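Chain lettering (A, B, C, D and E) follows the sequence in which the chains are written, and residue indices restart at 1 in each chain.
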Amino acid sequence: MIDIIYRIGHFVLITVFSMALGLLFMGIARKIVARIQKRYGPPVYQPYLDVLKLFGKDAITHGFIFDFGAIMALGGVIATLFFIPLGSWQLYSMEGTVILVIYLLAIASLGMAMGTVGSGNPQASVGISRALMQMLGYELPYLVILFALIYRYQTSSVWGLMQAQAGSFLNWNLFAYPLMAAVAFVVLIGMMGKKPFDSMIAPSEIGSGPVVESGGKYLGMLLLQKSITIIIELALYVNLFLGGAENILIFTFKMLIVWVLATMFGSLFPRFRIEDGIKFFWKWPLGIAILQAIYIIT
Amino acid sequence: MVNLTLIIAIPLLMSFTMPIFKMLNQKLPKVIALLTTAFNLLVLTANFSQIMDSAIIIELGGWQAPLAINLYVGPLALLAAFLINGSAFILSIYNLTQDYKFDDKFYLLFLMITAGASGMVMTGDLFNLFVFIEITSIAAYSLTAFAGRDSYEASFKYLVIGGIGSVFMLLGIGFTYSAVGSLNLAEIAASAGLINPLLLQITALLFLIGVGIEAELFPLNFWVPDLYTEAPTAVSGIMSGAVSAAGIYALARIFFTLFPAQSFLNYLLYLGAITLILGELIAYQQKNIKRMLAYSSLAQMGLIVAVISLGTEGAVRAGLFQLVNHSILKILLFISAGVLISAAGSKNIDDLAGLGSKKKTAAFGFTIAAMGILGVPFLNGFISKFMIISSSLNADQFLLTVLILLAAVIEIAYYLKVVQKLYFEDLKIEVKKTAVITIPVVLLTLMIFGLGIYPQLIADPLEKAAAELINNGSYIMTVLGGM
Amino acid sequence: MKFRNFLALIIVAVFAFIIFQAFTIVPAAGEITINKFGQADLSNRTASRYINKNVNSDSKKVIYKESSNLESGSANIVTSVVANYRSFDTLGEITVLFLAAAGIAIVLNLEKSEKSRFAAKEASLILNTGIKIIFPLLLLAGAYIFIHGHLSPGGGFQGGAVIATAFLLKMLADYKFEIKEKSITLVESAAGIVFVGLGLYGLITRGSFLENFLATGTVGELFSGGTIAVIYTAIAFKVGAELTNIVKSLIEA
Amino acid sequence: MLTNYIFIPIAAAFIAYILNKRNRKAGAVITALVSAYLLLSLTALYGRWDITQSFNLSLMGYKIDFLLAVNPLSWLFAVMTAAISILIALFSINSQENFKFSSVFNLNFLIIIGSMIGIVFARDFLTLFIFWELMTWTSFYLISAGKKKMAGRAAYRYIILSAGAAYAFLMAAIFIFQQTGSFAFDSAAEFLVANSPAQSIMLLLVISLPFIVKAGIFPLHIWVKDAHGNAPKEFSPFLSGMMLKIGIYGMIVVFYQLSFFKIIENTIAYRGLPLLSYLFALLGAVTIITGTILAIRQEDMKKLVAYSSISQMGYIIIGIAIATPLGFSGSMLHLMNHLIFKSTIFLALAAVIYRTGTTKMYEMGGLIFRMPLTFAAYLTAIIALAGIPPTNGFISKWVIYQALIEKGYLFLAIAAFFGSIASFMYVFKPLSTVFLGQLKPQHQNIKEVPLLMKIPMLILILVIVLFGVFPGIQMNIINQISGYLGIETVNYTLYSIQGANGAWNSLLIFNIFSAGFIIALLLFSFAKKSKLVGLLDTYSSGEYITDAESYHYAYQYYRPFDRLFDNLAAKSLTDFYETLTKNLVRSGEGLRRALAAGKLQNYALYSVLLFVILAAVGWII
Amino acid sequence: MLNFLEEWSFFGGSILLILIGLYGVITRKNMIKILISLALMDTGVNLMLVALGYVKAANAPILNSVVQTNTAAFVDPIPQALVLTSIVIGTAVLGLGLALVIKIYDKFSTLDISKIRGLKW
C-alpha cells in the first residue's frame, strides 16, 4: 500500500518538476532569441506568469471533443514522461521500449489534433494537416536511427540503451556515431516544431495553427503539454546520445546545453514550406541515417 | 427389342403426312412433332441396357451386314442419338409456345433434321452417311430461311459451302470405293491398312473437308455465325445442340475408324485449337447476343474436336462429356436468349439491360447456363472442364491446356458482361409480352444440376462409348464377324 | 480484283495437281489404289455379289427369262441396287427432294415480293396445240419408264421427271393452267406414306426395314420385281409431284 | 460432421433468399442466426484437432478423395469468419431497408460464409478449388450489387483476375494429381520436396497465384480499391476484413504445409533469408508503400479505407515471408487485429453512409454531434489502425518491428515505419473531414443509427480494447498454430509478450496512460468552467463567414504531400491491365478483318486452301 | 496417243469439270454463275464416280434378250446407283439455291455476291 502512495507521490513530483523545467526552458529560449535579435525580451520566468494567468481566465469551448482533445493531449504526454530515465529517476523505463515512447508521443499529438479540428476552425485543420505531414517527414529518419541503435545494442528499452553508453564519455553515441547524432539533432528541432520547421504553428500564415481556438485553460494546458514534450524530447536525445547522467542535475545541465544549441540553430533559418520540409527531411537526414544503419548492420 | 430403324422411319412417316395433319387441324403439327420425338426417346431407352453391353447391327432390307447398308448402334451412337432426340424433344416443348408462318413445313423440316442427325450417328455405310449429311444440311438450309429477311443470305452461303463440301466428300467416297471395293465402314477399315499412304492422305483430307463443315472446324465454319444468328431460336437450338454433335460424331467415326493414324488426328487437334481461340476472341467483341452465342458454340465445338483428337481414352471421354454438357447448356442459352430478344425487341446486348427483373425465368435460365459453361462447381460444366484439363495434361499437351484455360477466361469475360447487364443495370426499354418457357428451363436446369452433382449417371455410357471409339478393331469384328 | 482471281487459279491448280497425283500412284507390293480407267475388277467388290444376286442366297448364274424367285428379281441390276439392296439410300434421297420442295415453297412464299413479274402472255399457237397432243404421250412415256424400271434402264426418278416435264410444258403453254396446291401435296404425301409403309410392313413381316416381301417371279417378266415395282411407282408419283411443285412455285415467285 | 458447418449456411442461403422476398429483414435475421450457430459450434470445436472427415468418389476413371480436417490455423479462420459475419448480419438487419438487392445479398453472403469455412477446412486441392470458385462467384454477384455502374466494372475486373488465377491453380493442382495420384496436401508436399526444386518452385508459385490475387499483394492488387469502394456498404467490412485474409490463409498453406520454405532453403539467401521469400517480403513492403500513398490521395472514404487494407495486408505478408517465429506470430496477431479494427471502420462508415447517403468526404462534416457512438467506434478503430499503444493495433505492429529489427532487414523496416506513420495521416483524414469540422446544413437533423447497428460497433470497440490490454488471449491460439506448423513459439503471459530485444507489457502501459489522463482531467476540472460556443463562432482573423461549406477544410486534405507523388500515382497499374484487354479486343477485330469474313468467295477459297495446306504438311512429314 | 486419250479422257475430263466448277465458285461474283459452277462440280463428280466403275469392253448391267446370263462382263452397277442419288441431291440443292437467289435479288436487287454484305462477321 505504501509503495503505491510512494509511487503516486513520485508521479506528481516528476510531472510538476518537468512542467516547471519545461517552462523555464521556454523562457530561456525566448531570452536567447531576443538577444540574437538585439532586444531584451521578456524575463525568464515569463511563461510561469502566462500559465497562471491563463488558468485564471475563462475560455470558450466547442463541445465535448474540444475538451477531450486537450485532456488527452496533456494526459498522453504525462504518461510518456514515466518511460524516460531522467538522470537517476527511472520509474518504468526498464519495461517501455523506445518505439513505445515514439508512439505515446503520437497519442498526445492525436489528442491535440482531434481537439483543435473539433473546434471547426479551418485554420486549425490546416495546421493539423501540416503537423501530420511534417511528422511523417521527421519520424522516418528518427525511426531508422532507432532501428540502427536497437540492432547495435540488441536492446530496445531506453534504460538499456543508456546503460550501453556507460563508462567514459568517449563511448557516448555522440562520439561513437557522430553522423547519427547530428541527424537526431536536426530531427529534434523538427519534433519540437522549432523555427525552420514551425510552418504548422506559423502565426503569420494560419493564425498560429492548431491553438487558434483555444484560450484560457485550454491554452494553458497546451502550453504545459508543450513544455513536457520539450523535456521528453531533450531527455530522449540526452539518454540516447549523451549517455544519460547519474543524477538529475547533470542531466538537466546537459538538456540545457542541447536546448540552447537547438534554439540558436533554429533562429538562424527562415521557415520551410511543408513539402520542402518533408523533401529536406527525406533527402539529407534519411539518407545519412540509412547509410549509418547499413554501416551498423553489415 | 424394338428395332432402332424406327427412330428414322417414324419421323419420316410423320413428316410425309404432316401436310395432311395440317389440313385436319391447325394445332396438330406441333403435337405430332412432340409425340414423335417422345416416341424416339422411348425406343432409345428400350434398347439402352441391351446396347450397353454389346453393339448391335441392324441390317436394312434384310441383306447380310457388310454387303448392304446396315446401322451400327454401339454405346457411342446410342449416346449421340439420345443427345439428338433429347434436345429435339425439349425444343419441341419450347415450340409448343411458338407459332411459325408455314408451321406444317417447319415441323416437317424439324423432324427431318432430327431424323437426319440420328441417321448420321447410326449409319454404318459411307454413302448413307453422305445422304444423311445432305438431309440434315438441306433441312438446315430451309429452316434458316424461316426467319425471312437476312436469313436468305445466311442459308445461301451455307448452301454453297455445303455444296462444295458434298463434292469433296463424294470424291472421297469415289476414291475409297474404287480402292477398297465396298462402301461399308467396317470393310473399308479392315483393308484401310493396305491403301497407299499418299491416297490415304488425300482421301482423309477430302473427308476432313466434307464432314468438317458439319463439325464446324476453323476455315469451314464461316457459315455458323450467320446461320445461328438469323435462324429462329428453335433452329439455332437444334443446330448447336444436336446437328453439330452429329457432325462431330461423324468426323470422329470416320477418323477413328478409317484413318486412325495419329498424324491425321493431329490435323483435327490443330484445327480444333485454332477454332477455339478464334471463336472466343471474336465472341468477346460481339454486340449481338445470338451471334455471341454462335461464336461461343463454334469455339466449344473446336474445343471438343481438339480434346477428342488427343486420342487417349480419358480425352475422348472428356470430349464426349463436354459435348453432352454443351448441348444441354447451349439449348438453354438459346431458348432464354430467344425469349429475352423477343422481350427487348432487339438482339443487341445493350438493350437487354435490366431484363433480369422482368423476365425472371429467361434471365435465370441464361445465368445458370452461362455459369454452367464457365465451369462453376456443382454444375455440369465444372466436371467436364476438370476432365478436359487433366486429359490434355495427361497427353502432356501443355500448350493446349494453357490455350483452353485462356479461352475459359475470355469466355467468362463475355458471358458475365451479359449477366451483369441483365441483373444489375436498370431497364431501358418497355418489355413486350413473350412466350412462357418455364417447362424447358426447369427441365434443363434439373439436368445441369443433376449432371453437376451426380455425374455417375452418365459415367458408364461415356466409358463404353469412349472405349468403342478408340479401338476400331472391335467395330470391324462386330460387323465383319457376322459374315 | 485481278490478283484474287490469279491467286484462286494457283490454288485450284495445286489442288488439281494433288488430285492428279492420286490417279498416277504406282502401288507398291501389297498396296491397293484407285483402279486404272476401265480396269475396275469387280471380283472383290460387293458389286459382284449384286450381279450374281447371291448376297443372302448362294445362286451363281442368273439367266434371263429362266431363273426365278431370286433374292432380287429385277433384270436391271442397277435398279436392284437402287430399290432392293440400297433402298435405304433411295428413301433418304426421296426425303432430300421432299425437303427441297418444302424449302423452296417456304423461301418463295414466306414474304410476297412486291416486284411485278413479267406479264404472262398467251403462248404462240404452235406451242398451244402441240402441247395438247404431246401432253398425254409424255404421261404415257413416263408411266412406261417407271413401270419397266426393273427391266429396262430408267426407273422411278426418270419416270417422275418425264411426268414433271409434261406438266411444265402444260404450264408454259397456257398460263391459266392452274394446278391446285392441295392436290400436289396430297399426291406427294400419299406416295411418301406408301414407300415408308412398304418399309414398315417389311419390318413387321420379315424383321428388317424395307425388306422385300413380295415374290420375285422370273427375271425379265413384268411382275418379277417384287416390291421394286411398288417402290418405283411411289417414287415416280412423288418425284413428279415434287418437281411440278418446285417448278410451279418458281414460276409464281 | 464437418460438412454440416459448410452445407448448413449454403442451405440457409436459399431459405433466406425466399423469406427475404416477403419481408426485408428476414434474410439478415437468418444470416445472423446461422452465423451465431456457427460461432458457437466452432468455438466448441476448440482443441479437438483430430476430427477429420473424408469421402471419396470414383468419377469417370479418376479416384478422387475429398478430405476435411480441423487444425488450429483453420479453426482460427473459421471462428473469425463466423464472428465477423454475425456482426455484419446484425448490422445489416435494418441497414438494408432501402437496398434493392437485399435478398440477393443474403443469399450470396451465406454461401460465401459456407464456402469460406469449406476452404479453411479443406485439406486437398480439389475441395479447396471447388469452394474457392464458389466463393469467387458469389462475391462477384455481391460486389456487382453495389453502386450502379462502377460496381459492375469493379466486379467484372475482380472475377476475371481471380478466375484466371483459379484456373492456373487448377492446372497446377491437376499436374500434381497426375504425379502423385491424389490431391491431398501432405502427399503433394512430399512430392514437391522430392521433386526438382526449379519445377516445384514454379508449381508452388502458380498454386499461390489465386491467394496473391485475393490477398491484394502488389502486382495484382488493382481490383481491391474498386471492389471494396463500390461493394454494398454491408459487404465491404466482410470483403476487406475476411476475404483478404483467406488469401493470407492460402499463402500460409503454401509456405508451410506445402513446405515452400523447405524447398527454397538451399537457394541463394540474402542475410540468412532465402531470396524467394525475401522477394515476397519485398512485395509486401511495396504493397504497404503503394497502398499508403494512394490511400492518402483518396477523396472517397471507402476507397481510402480499401487502400489502407491493402497496405495493412503488406505488414502481414512481410511477417509471414521473413519466416521467423516472431514474424509469424506478429503477422497472425496483425491479421486478427486488422480484421477487428478494419471491420469497425467499415461498419462506422456504413453507418455514416446509411444516414448521409454519400461516401465523398468533402460532402460531410461535424457528424460527431449527430452520431457520437459511430464517432467513438471510428475513433477507437483508427487509434488501433494507427497502432497507438493502448490498442491491439500497436502490439501486432510492435511484434513485427521486433522481428524485423532482430534480423536487421533495413528496407523492410523502413517500409513498415513509413506505412505506420503515414497511417496516422490517412486515418486522421476521414476523422477530421467526416466527424469533426463544420456540420453541413443538410445533415442537421440526422439521428444516430438504430440500436441493432450500434451493438456490433460497441462489441468491436470492447474487443479492440480487450485485446489491446490482454494480448495473451490471442497469443495462446497463435502459439498452437505455430506449433502445428512447426515454428517455435513466442513466450507470453496474459498481458505481455516477450519480443527479441524488449518485452511489451500492455497492462502496465494501460495503467500509466490512465494515470496521466486522470492528472490532466484533475487539472482541467479545477480550472474555471468554460462557455459553450457554436461552431460558426470561431476566430476567423477578421474575415466574416456565414455558411458552413466554406468553413470546412476537407477537400484535398494533404495536397502538399500528394504533390510529391503526383507523377507516381498517375501511371497506376490499372491502365496497364486496361491496355492489355484493349489489345485483346483489337486482335480479335484485326483477325476478323484479316480473314475478310463475310464474303462467300473467301469461304470457298479457304476450304480449298485448307486442303492444299494440309496436303503440303502431310507431304513434308 | 489414242490410248492415252482414251485412257485419260474420262478421269481427266471429270477432274477438269470439278476444277472449272471450283474456280467458278471462288471467283465469280454473280450468284447464278456460282450456282452454275456448283452444278458443274456436281456433274464432274458424278462423271468421276461412273468412270471409276467403268470396265473396258463390258456392257451395261441389265439382263435382256441380248445379254442373257450374268456371267458376261458387266460395268460396276454401284457407282451408277450412287450417281442416281447424288444427281437428285444436286438438283434439289440447286433448286433451293435458285429460290434463295430469287429472294436475295428481291431484297438486295443485285446479284453480285460481294455487294450483299448484310452479315458481316
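Convention: contacts are C-beta pairs under 8 Å (C-beta built on N, C-alpha and C of every residue); 3 or more make two chains touch, one makes a residue touch a chain.
Chain by chain, the UniProt names read as follows: A = Membrane bound protein complex subunit mbxM; B = Membrane bound protein complex subunit mbxH; C = Membrane bound protein complex subunit mbxF; D = NADH-quinone oxidoreductase subunit M; E = Membrane bound protein complex subunit mbxG.
Keep in mind it's a predicted model, so treat the numbers as computed, not measured.
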item	value
Both-way neighbours, i.e. chains that touch chain E and touch chain D	B, C
Where chain A and chain C overlap in contact partners, by chain label	D
Longest centre-to-centre distance from chain C, chain (CA-based)	A
Whole-Å gap between the CA centroids of chain C and chain D	75
Whole-Å separation of chain centres (CA-atom averages), chain B against chain E	29
Where chain B and chain D are represented by their mean Cα positions, the distance between them in whole Å	45
Computed distance of Cα centres, chain B from chain A, in Å	80
Sites on chain C at which at least two other chains make contact	4, 8, 11-12, 15, 18-19, 34-35, 40, 45-47, 86, 89, 92-93, 96, 99-100, 103-104, 107, 111
Sequence positions of chain A contacting 2 or more other chains	none
Where chain B touches two or more other chains, by residue	127, 131, 134, 138, 141-142, 145, 149, 152, 156-157, 160, 164, 171, 178, 183, 202, 222, 282
In contact (per the touch rule at the top): chain pairs	A-D, B-C, B-D, B-E, C-D, C-E, D-E
Residues of chain C defined as touching chain D within the complex	4, 7-8, 11-12, 14-15, 18
Touching residues on chain D, where the partner in the complex is chain E	592, 595, 597-601, 604-605, 608
Interfacial residue positions of chain E with respect to chain D in the complex	22, 25-27, 29, 34, 113-114, 117, 119-121
Contacting residues of chain A [partner chain D, same complex]	11-12, 15, 55-63, 65, 67, 70-83, 92, 95-97, 99-100, 103-104, 106-107, 110, 113-114, 117-123, 125-126, 128-130, 132-133, 135-136, 139-140, 143-144, 147, 150-151, 154-157, 160, 207, 212-213, 216-218, 220-221, 224, 273-275, 278-279, 290, 293-294, 297
Residue ranges of chain B touching chain C (in the complex, touch as defined)	3, 5-6, 9, 12-13, 15-20, 23, 58-64, 66-69, 101-102, 105, 108-109, 112, 115, 119, 127-128, 131-132, 134-135, 138-139, 141-142, 145-146, 148-149, 152, 171, 175, 178-184, 191, 194-196, 198-199, 202
